[in-house]
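Paired with chain B in one complex and with chain C in the other, chain A is shared by the two complexes that follow.
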Partner chain A sequence: MFFLTVGKEIVHNILSFRFVVTYVLLFCLILMAMFLMTNDYQRRLQEFSTADRKVRENLAELVKIEDPAEQFQRIRQADFSALRLPTPLSLLALGLEGSLPTQVSSQSRFFVSSSDDRLGRNVLFDIFQTPDFVYVVNVVMSLLALLFVFDSVCGEKEQGTLKLLLSNSVPRDSVLLGKWVGGFFSVTAPFAVAVLGGFTYIYISGAMEMKGGDMARFGLIFVLSLLYISTFFTLGLMISTLTHRSATALLVSLLVWICWILVVPNLAPIAARLAAPVPGRQVIEAEKQAIDREVQLLMAGIGKRKVYGDQEESESIRKDGESKKRKLEEFYQDKMSRQISYSKNLARLSPSASYLFAATRLAGTGPNLFDYFQKALDRFHQGHDEFRQNMSSGVIMEWTQSGPKVKDPDWFDVENLPRFDMFAESLDDSFDAALFDILLLAVFNVLFFMLSYTIFIRYDVT
Partner chain B sequence: MLEIIDMSKHYGDVHAVNNLNLTIQPGEIFTMLGANGAGKTTTLMVSLGFTEPTSGTVKICGIDVTKDPLEAKKHVAYVSENVMLYGNFTARQNLEFFTKLGGRKNVSDADYEAVMERVGLQRDAFQRRLKGFSKGMRQKLGIAIAIMKDAEVILLDEPTSGLDPKSGAEFLQLLSELRGENKAIWMTTHDIFRAKAIADRVGIMTEGNLVKIFTREELEQEDLERIYVDYVTREAEAAA
Partner chain C sequence: MAMLLHIIRKELLDQLMSLRFAIACVVCLLVFLLSSIVLTRDFREATSTYNMNRVMHRNELHQRTEVWSLDRGVMVDRPLNVMNILVRGLTPELTESIKVQAGSRLDFPKNYEQNPVIALFPSVDYVFIVGIIMSLLALAFSYDSMSGERESGVLKLLMSYSVPRDRVLLGKWIGGYLALIAPFVISFAAGLLVVLTFPEVDPTAGNTLAVLALLLLALLYLAVVYSLGMFLSARTRVPSTSITVLLLIWVTFILAIPNMAPYMAAQLLPVPSRESVDREKTGLRQEMRVKRQEMVKEEQERTGRDDVWRDEDFQTKMRALGEEMRQYEQKVEESYLSKVQSQTRWSGIAARISPLTSFNLAAFDLAAAGIAQEVRFVDALKTYSQTWQNYTEEKQKAWREYMERQRGSDGSVSSSSGDMAQLTVDLTDYPRFEFAHMSLLDRLSEIYLDILLLAVWNILFFMLAYLSFLRYDIQ
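Let's turn to the complex of A and B:
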């Protein structure tokens, strides 16, 4: 009975007009998304290569300088740039990839981007969302899943076929499960074909070097997408069992879709900002400056009291000031972390947010990318600060009667320059981090199916 | 055999069916007449296990429908007023699906073709999608599904309403043949003439009560139309 109802659902769906529309739409959308994002990734990769070549040329010029003193001066004044390699799987889920700088400077704390920066490209890209694979699944597939299933039960009741179906010796759980399996297969089959087409395009075009880890991540994102589609499909089935008219079911489905896709994820950060306010960055910086001024005043006070100053007291005041600034920074970071955490948890009321968090995490373009970038930048600046301190400390240069002299002419080695190395999260770690959201989607699925089952067992077919 | 024993169905204060007792024997056609809301369809819905009776029992071939609906449904076929099937499927696909759902196995192509011919569906209709079928054709396909199920009890809910005279006559002829195959047939209708033409017994239902049952012999002697109109008029007056 179960397989009979599954087969009926599949054939019934395949013969329907909406299947044809879905198939064509998905094929076009997913292939287009893959094509556009592949081109975008190739462009970013090209820019990276160009910038990298330029950085290497600059370094080679410094190495070539024959006069050690001049070389020393030039290196001391030089601004070393470092580049961030585009994340390969950003072509599936762009995430924060487009928001982070591609190039950083050793001297400036401000980020420097390549030609990808806001002023160097079409600003309309910032107005419209990037139509990557995850976007298509998040917005289009969720809607299509609902449109496929919203009348699965109530539509059959309205049509009269449900009465005839259940006048036979067929258990209701078999009917419901058959509808779920058959319907889900009907939705995901064209999706899988379209993804396979997109994957083939990426593979053939050679845009992305598919390593084992990337393949596994690709596969995981695909499975995650199926889980997400299934969430909306099961929700649609539940709505269908809750209602008795397909028009009502359609309306309810659309309302839920709007809330979950458009309202909750967009309102969550705003609600979190109200629930857990964070003082502005400028306020914190102003307070830090006030602490600095206070320290300077206290230092000046010591100078007035004691002619030769008081080294111990000065050090104590300086440390006290540093401690206050550190606490202020910790307070800010703590508040910000709490707000981000509130935003995330509120957004997770919608499966859309869970899907986006998990997909971007698996693709390596999630919110953690920002943390990794920040840490890498801090390490990079710290390394360059130490490098410059070494240059000034006399280890490399000594002062002679004839002027400054470099102790070791071969002191400069490009390989020893501090690097901008971002932490590359392993697949296991990414999966562990995404697991909570994956489980949340699974819980949504189980919950909706259980509710559908409970309602359908008592569903009035008359 | 269909047995309805002391069956009542109430929806709050509304008594849709009151203490109904009825037995339909194999090889018998029982036709139930009644105005809209008389309780005919409610009785059918209880008999199909779609809704539970407030009290009493309905048995199909000795199986209590409330206690073991799945087992009871193996022995009953249902044809509604408007046979609605899957519009995207062809007549043949619909027939095959519902035949398999009815539990029949090893059904050959010849069996399907034979039943389609028996109910009067033209050969070219086999592969046509249901979307283009007239009501008469859908009713014929509905009875074909019931025949293929080979159930002992057949429940028909106003199956001839809206059919043209020729299709109606063909439909009754099919029912007559099924009676010959020892099926117990219950049919609700508003059509007094068709009820009289085909039924072995005719019941009149008003306000949830089975008020009168006519046998074949009584039908030939009594003016069924006058009696039915009297009951319906009395019911309307009581309601007013």
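Let's turn to the complex of A and C:
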């Protein structure tokens, strides 16, 4: 009997007009999203490889210089750029990938490159959200899932088929479960086909190397999407059991969708920022400068009191200043991470945010990307500072009467240059980090199903 | 006429007593109030940040005494725009500090230093509420205006009176539209009241008019969506079909086309990345440096002297080389910018297939938070950079002259001769950055095409609805 209800539900759905409409829409949107984002990713990748070639050529040119003194001079003036490899799965979830520069420069702290980066780009990209796969699932699929299921119980009641169905000797739980299984299958079947189509395009275009890790991430994001769709599907089923007219069910579903998808997750981060304010970066920098000035004044004071200065005292003053600055930085980081976790948790009131966090985490483009980038940039700059210090400290070169003389003509080794390496999370780590959100989605699922079960048991079918 | 009023009244009463009206009231009020509370408080935070940053930057400049510190440039804060409470616009943050140096060098703050979660989500401002949420509600109000009444048989009854169909359509349109905008206007007014309770919000006449214009713009946009719903309702026979088709259209036109159009345009009109252009420019500079060194070497070999720099002819030659390089660089930059502009233009045209784009861009410009404003701001910054350059050059010249005078007396600069104050520079008289937001007239001149487009959509959909309704089978 259970399979009969499932079969009936599927046939009923497939024959309906909305199935055709949804099928067409889903196919178009998902294929379009994957097509556009894959091409965008390939463009970025191509840009990366041209830039990489250029950087390598420049380095090779530096290595080739015969005259050690000239080579030394040129290396000292050179600006070593490093490039950020685009994340492969950004073609599914662009996340924050687009907000990061693709190139960092060793001297960027001292030299600025261009002034027009505010206007020298197509601003229309910033006005609307990125139409990637995760966006389509997040916004469109949740709406379609609700649209599919809103009348599955109350609509049948309106038509009178529910009464007929329950006159058979079938327990209500298997009716509900049958409806769930049949309905969910008829939503996800076109979805899976569309994803398969998109995947085929990605495969043919060769944008993503079919490495194990990336494939697993792709699969996980797909499963996660199914879980997310099921959350909304179950929610729609619950709304359907709560109402007695399909028009009411539709309106209530739309209301819930608007609040949960459009309002809560988008308003939450700003609300959290108000709840957990962080002093501006500039205030912290100004405080640090003030500490520096204080240290300078204290040092000058020593110079006035003692003619030859006091090595010990000035050292302790310097250390004091350093520790104060470090504490300030820690305070800032602490506040910031608290704000971030506030924003995340508040946004998690909506499963939409949970889905977004989990999917971007699995794709490697989530909120932690900024942090990884910042750390990698700091390491890169630190490495270059040391490199430059080495150059000027006489380890490599000594000053002779005829001018600077390089001790070892083969000192410059491209392999030894500091690199820009962003921390790449392993699949296990990403999954662990995303697990909380995945579990949250599962909890929503179970909760909604249980609620709809309890309500359906008492549902007045007449 | 009396019949028209009757129909309007009937339609209005019908809607007022429906569940969707209650839901629309709840949604509108909730969303507008929440959004205005959160965004105004955010604006308040931004106000204090702005004031603090300004004082901080001024003090920092006043404390500088060394002449070389002029090269460090000056920090400029983006003036607040009170309209950002309603329309966040293009810039993600309400205020930001930009480092301005001589030679049009502007350093905007890096966006990876902010809270990453905020960057992941769009903000729920007036544009978002009207553009997405209200448009969905507009469809919920209109999807069954024809097909629903046909199904319930009311339409047959109505048409048995001697009333022309155009009047029925018009009456329905007006009645339903009034029912749609009533909760919207009331909630918007309530939201504005909340905004006005904050002391930081100080509306000027221009801004009040701009808010009014924003309201009218939203009404026009909602009318477009409402007419579309009416049209499709007159094309379909069952309300469940009309809502399905309408939701499909809504998803396509509101959620998909505006987002996908720029990517589409980028496929057809690719633009190299900013970084690659910068790299090209750096390459040019390097080439020029090598050339210059070669020229110096050649000249040294030719004349057999080391100090070729003293030669006037050589100096002109070098200057010409520098000029050539500058022009070349400018050409690269200009060709890049023109490519970007053409891409932006075409993606704008493609995205305007959706009325949401017209509404969004017009609202951005009305609130002085759009592209035109951004261009003006960057231009103002560049002008200021020139002013700052002139100022620093003047200061440096005065300082050099003083040093020369000091050196002139005994050949060395002694700190005891003359007063110390002259050795340091006083920066309290530095030129201030001034920037005024666009005037309302300028803003309106930016958006009239979009308004026209929305009006055209409106007429088109209404006419289509009329044509469909004329042949509508009311059985």
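Here are a few things to note about the model shown:
We adopt the following convention: the second predicted complex is superposed on the first by the 450 of 462 C-alpha atoms of A that agree within 3 Å, B and C clash if a C-alpha of one lies under 4 Å from a C-alpha of the other, contacts with A are read in each partner's own complex, and residues count from 1 in each chain.
Definition applied: a residue touches a chain if its C-beta (ideal position, glycine included) is under 8 Å from a C-beta of that chain, and two chains touch if they have at least 3 such contacts.
Note that the structure is a prediction, hence the values are computed from the model and not measured.
Of the two partner chains, chain C is the only one that A:Gln103 touches; chain B does not reach it. After overlaying the two complexes on the shared chain, residue contacts for A:Leu435 are found with neither chain B nor chain C.
Of the two partner chains placed by superposition, only chain C is touched by A:Leu356; chain B is not. Looking at the shared chain after the overlay, A:Ala69 reaches neither chain B nor chain C. In the superposition on chain A, A:Met450 makes contact with neither chain B nor chain C.
Of the two partner chains placed around the shared chain by superposition, neither chain B nor chain C is touched by A:Val223.
Once the two complexes are laid over each other on the shared chain, residue contacts for A:Val414 go to neither chain B nor chain C. For chain A, the partner that touches more of its residues is C, with chain B and chain C as the two candidates. When both complexes are overlaid on chain A, the residue A:Leu165 reaches chain B alone and has no touch with chain C. Shared interface residues of chain A, touching chain B in one complex and chain C in the other, do not exist. Residues 41, 45, 48, 50-51, 70-71, 73-74, 76-78, 80, 82-89, 93, 97-98, 100-103, 142, 145, 149 of chain B are the ones touching chain A in the complex.
Contacts from chain A toward chain C in the complex involve residues 17-18, 21-22, 24-25, 29, 32-33, 36-37, 39-40, 43-44, 47, 50-51, 54, 79, 81, 95-96, 99-103, 112-131, 135, 139-140, 143, 147, 151, 246-248, 250-252, 254-255, 258-259, 262-263, 265-274, 277-278, 280-283, 286, 289, 293, 336, 339-340, 343-344, 347, 353, 356, 360, 366-371, 373-374.
On the side of chain C, the complex with chain A involves touching residues 19-20, 23, 26-27, 30-31, 34-35, 38-39, 41-42, 45, 49, 52-53, 56, 60, 63, 75, 90, 97, 101, 104-109, 111-124, 128, 132-133, 136, 140, 239-241, 243-245, 247-248, 251-252, 255-256, 258-267, 270-279, 281-283, 333, 336-337, 340, 343-344, 347-348, 351, 357, 360-361, 364, 371, 374-375, 378, 382. Chain A meets chain B in the complex at residues 1, 4, 8, 11-12, 15-16, 159-161, 163-171, 460-462.
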